[in-house]
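Look for chain A in each of the two complexes below; its partner is chain B in the first and chain C in the second.
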Partner chain A sequence: MNDTLHLMTVYSKTTARAWFQYRVDAVLRSLAVFARESTGIIVIYFTLLKFNSLNGWNIYELLFLYSLIFLTYGIMIIFFTGLRDFGNMVREGSFDRFVLRPRGILFQIIFVNSDWFAAIGHGGLGITLFLISAGKVGVHWNIYNALYYLFAVIGGVLIQGAVFLFIATLNIYLIETGSIKELLYWNVRKFAGYPISIFNKGVQFLMIYIMPYAFVNYFPAQFLLRKEDMSQYPEIYLYLTPIVGVGMYLLAYAFWLYSLKYYKSSGN
Partner chain B sequence: MINFEKVSKFILSDISINIPKGEIVGLIGASGSGKTTFVRLACGLLTPDLGRVRVLGKNPVNYRQKYFSDVSTFIVGKNLLDKETSVIQNFEMLRIMYGINKSEFYKRYNEISEMLDFKGYEYEKVISLSFGQKMRVEVAAALILEPMLLLLDEPTVGMDQNAKECLTKILKEKASEGMTILITSHDMQSISNICTRLAIIDKGTLIYYGSKERLRRKYLPKNKMTITFEGEMPNIDDLPINRYTIDNDKITYEYNDNYISSSEVVEVILDQTEIRDINIEKSELESIVMQIIGGQNEFYRSE
Partner chain C sequence: MSFIEVNNLSKAYRISKRKSGIPGMVANLIAPKYERKEAVRDISFSIEKGEMVGFVGPNGAGKSTTIKMLSGILYPDSGSIKVGEFVPYKQRKKYVGNIGVVFGQKSQLQWDLPVEDSFELLKAIYSIPDDVYRKNVDRFTEMLDMSGFINQPVRQLSLGQRMRADIASSLLHSPEIVFFDEPTIGVDVVGKEAIRKFIRELNREDKVTMIFTTHDMQDIEKTCNRLVVINDGTLIYDGELNGIRSLNGEARLLDVFFSEDTAVAPIKNVQIIDIDNRHRQFVFDGQKVMINDLMSELLKKYNVKDINIAEPDIESIIRKIYNREKVLA
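Let's look at the complex of A and B:
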């Protein structure tokens, strides 16, 4: 156990040192991610200038909804960068390095690399949006709400981590899964910036039961905001984010363990 | 230690081999003959399509994590160290990962880094090293773990003569301590210096497995003996000798080990004349292997 903690520390220090070797570049690249991701917010802002509200959600409530996506992604990418880049690892054969070591393969992949620029860019934007909106959405911040928020964030991180793990595992069979990730993760994520109630039933079904982004931001935001459109969904959904996160992650992990047996090393 | 039972995978077909503990086995074959596939099967990176692979008594694919504490692998072209990290930092990560005592580990590190001569760039990132430097470091990373079984795929590629000699010395030392080593190489000189046994693969089929001596006897038993004599020229007409040439007081015989031994030749000559000097040339292992495989040019291409 001590060895594992020691190894985690060494990996994390080494990764951070490598990413921040050129400090000015690190700051600029993190800012670039921040600016790129902010464009979506700017679109929403200008849209809301015309309509005042979107299905009952005002600009601050939408920013609060958005903040959860960015914050959870910012945290998730610290741990799951290796899974994001897993396809390249398999194609280049560098995944063999992890297979040949006497430690958990997933443990190594998680701690051996972290995209700190994405983490700071996304996480920083999430925190900024939270700070702008949290005081203006009528949430009474007490210990219970804060704890709920904390568990919702953990659940949201696990849900996205599970999706990354599942798609990464598909690389063992398909070698190339870039388009699947684009379709299932990034495209669906674009919908998640809005309250799911504005979409038709098909998209709602997709976001609740297939790629459950609704549990990353919509239902946690609803728990705190209690908007009218929540009446369309069972109230239990407000509490399910951590359970969905853990459940999805365990399923994805089981799929990962099962699939590793079929991993076929690439050529030299 | 390594047991293949009727294993088929990619080009490899129906391979059965048993490598016992403490042996240094050289796996040789022409380009594309299946050497690297063999190593990948042995280290659990590949599952056989047919047959059974057992390493340390277990299926390496199913026992990867436990198994790799006892097995260390180097495969040329695979980056087994983190390229963005310094050499020394990579070794420190290995130390922690394998749970090796710090003082013991760095004693080994100092020895190996001096022998393979990479101490001068131990603080450099792996990505900034030349190919030859990286090879030394990667091979050292496999050696330093002192496993029960060491699998080395083309470890001498890109190494200069000095590094090759040092590696040979280290491997012999490790083998004398009981480590089992499987080494593939297109460099016949290194292989014949290091190995106690040879396995030859041709187009995915194992065509020879055994000692170097048996290989010599079986496939090319022709030896050459030059004797400098004093006195009368010996008569060897009754001996089963292929041919002989005379140059003043020197006579060179070419004979077949299967029909007559060196000592028998010497005995017959000693009965007739006085011998001042004897020089026996054994046939080169490299030429034997090339003759068996039949693809001389291809043989020198790395897989």
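Let's look at the complex of A and C:
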């Protein structure tokens, strides 16, 4: 255990040192991520100035909804940078190196690289949006709500981590999965900036049951905000985020373990 | 019971058979066709502790697949592998702590960081005790002459320097077995020599078992005492390096230059290779044809300017074996 913690520290130090070889680029990278993601929000902001509300959600409530996406992604990417870049590892064969070291393979992939700058860019934006909106959406921040929020964030991190792990695992079979990720993850994420109730049934189904972004931000935000459009969904969904997260992650992990055997028996 | 025991090892890949052109691409997408390629067929051998064994064979012969199975990266389809007390592909985590693998084409060093930082990371990964780590780093730094660049980022190193650092990095945890996959590829002559010398010393002093795959026969001749030749997935030679020469009979070669354009009549038991009209090589078995007889015959019949006697190098013998079927020693 101690040994593992020590290794984690050395991994993070190594990563940090490598990043700071290019200091200017490092700082700019965080800024670039922050700016890129902010533009989407600025568009929403000015649209809302014209309409006042979207299906009953005012601008601060929407920012609150949005903040959860960025916060959870920012935390997730600290752990799963290696899975984001997993396709390259398989293609270049550097994956073999992990197999040759006396440590868990997923453990190595998770800790060998952490994109702290993407994390700061996304997470920083998430925190900024949270700070702007949290006081103005009428949430009473008692210990009960704060704990709920904490578990919702953990669940949201696990849901996205599971999706990353699942797509990374597909690399073992398909070698290249960039477009699957684009289709499944990034496109659906664009919907997740809005309350899902504004979409048609098909998109709602997609976001609740297929690529369950609704559990990353919509349902947790609803628990705290209690907007009217929640009435069309089962009440229980407000509490499911951590369970969906753990469940999806375990499934993705099982798929990963199964596929590793396949990699070992199929080779290149 | 030998240290490494490999019995009836086989492994086949399923490779997709691609048709060319756009109709072919569509056909692949809808109904991909696969072909079975038997990479390794029924290979058996054993290796003792401290041996240095060279695996050679043309590209795609199955040496890499064999090495990957030995190092635990791939599962065999059938057959068994036992290394010491371990079955590599089943007890991966415990097993790989005892082995080191050097890939000539793939560095395991951190590209942007000084060599020593990569070493520190490996120390943590393999949980190397402080004293062992310090001792190994000092020793390898001296043996491989790395003191001049150990604090430089890897991206600034020459290929030879990087290779030396890579070899050291694979040995920090004092492995019992080291696999070298083309350890001198792209390195200049001086660098190659330094690497070979280091490998010999390490084997002599620490009794580390070493397994090579390479295309450079010099690597094998200068380090290994045992040679395993694999072609088309099967083992076609396993024995002493020198034994492979006698396998071909006592092969001899006469290299003859004539002072004018000369046509040579066929000679019994001698293979004649035409280099050009004035330069021919005569290959024969020293036990069947007496070299003196052949030389005097040539000198008598033709106008000879220069004549050289040579033993064919191992490389050309192996090339000959590749083209022949199984000749087990």
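Keep in mind that, in the parts below, the second predicted complex is superposed on the first by the 259 of 268 C-alpha atoms of A that agree within 3 Å, B and C clash if a C-alpha of one lies under 4 Å from a C-alpha of the other, contacts with A are read in each partner's own complex, and residues count from 1 in each chain.
Quick note on the criterion: contacts are C-beta pairs under 8 Å (C-beta built on N, C-alpha and C of every residue); 3 or more make two chains touch, one makes a residue touch a chain.
Model, not experiment: these values are computed from the prediction.
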First (chain B), second (chain C), both or neither touched by A:Asn187: neither
Contacts of A:Leu7 with chain B and chain C, given as first, second, both or neither: both
First (chain B), second (chain C), both or neither touched by A:Arg97: both
Common interface positions of chain A, toward chain B and toward chain C: 3, 6-7, 10-11, 14, 18, 93-94, 96-97, 99-104, 261, 264-265, 268
Partner chain B, residues of chain A touching it in the complex: 3, 6-7, 10-11, 14, 18, 93-94, 96-97, 99-105, 112, 261-265, 268
Contact footprint of chain A on chain B as seen in their complex: 36, 40, 43-47, 61-62, 64-69, 73, 75-82, 84-85, 89, 92-93, 96-99, 303
Complex contacts: residues of chain A adjacent to chain C: 3, 6-7, 10-11, 14, 17-18, 21-22, 92-94, 96-97, 99-104, 261, 264-268
Contacting residues of chain C [partner chain A, same complex]: 11, 13-14, 39, 65, 68, 71-75, 77, 89, 92-94, 96-97, 99, 101, 103, 106, 108, 110-113, 117, 120-121, 123-127, 153
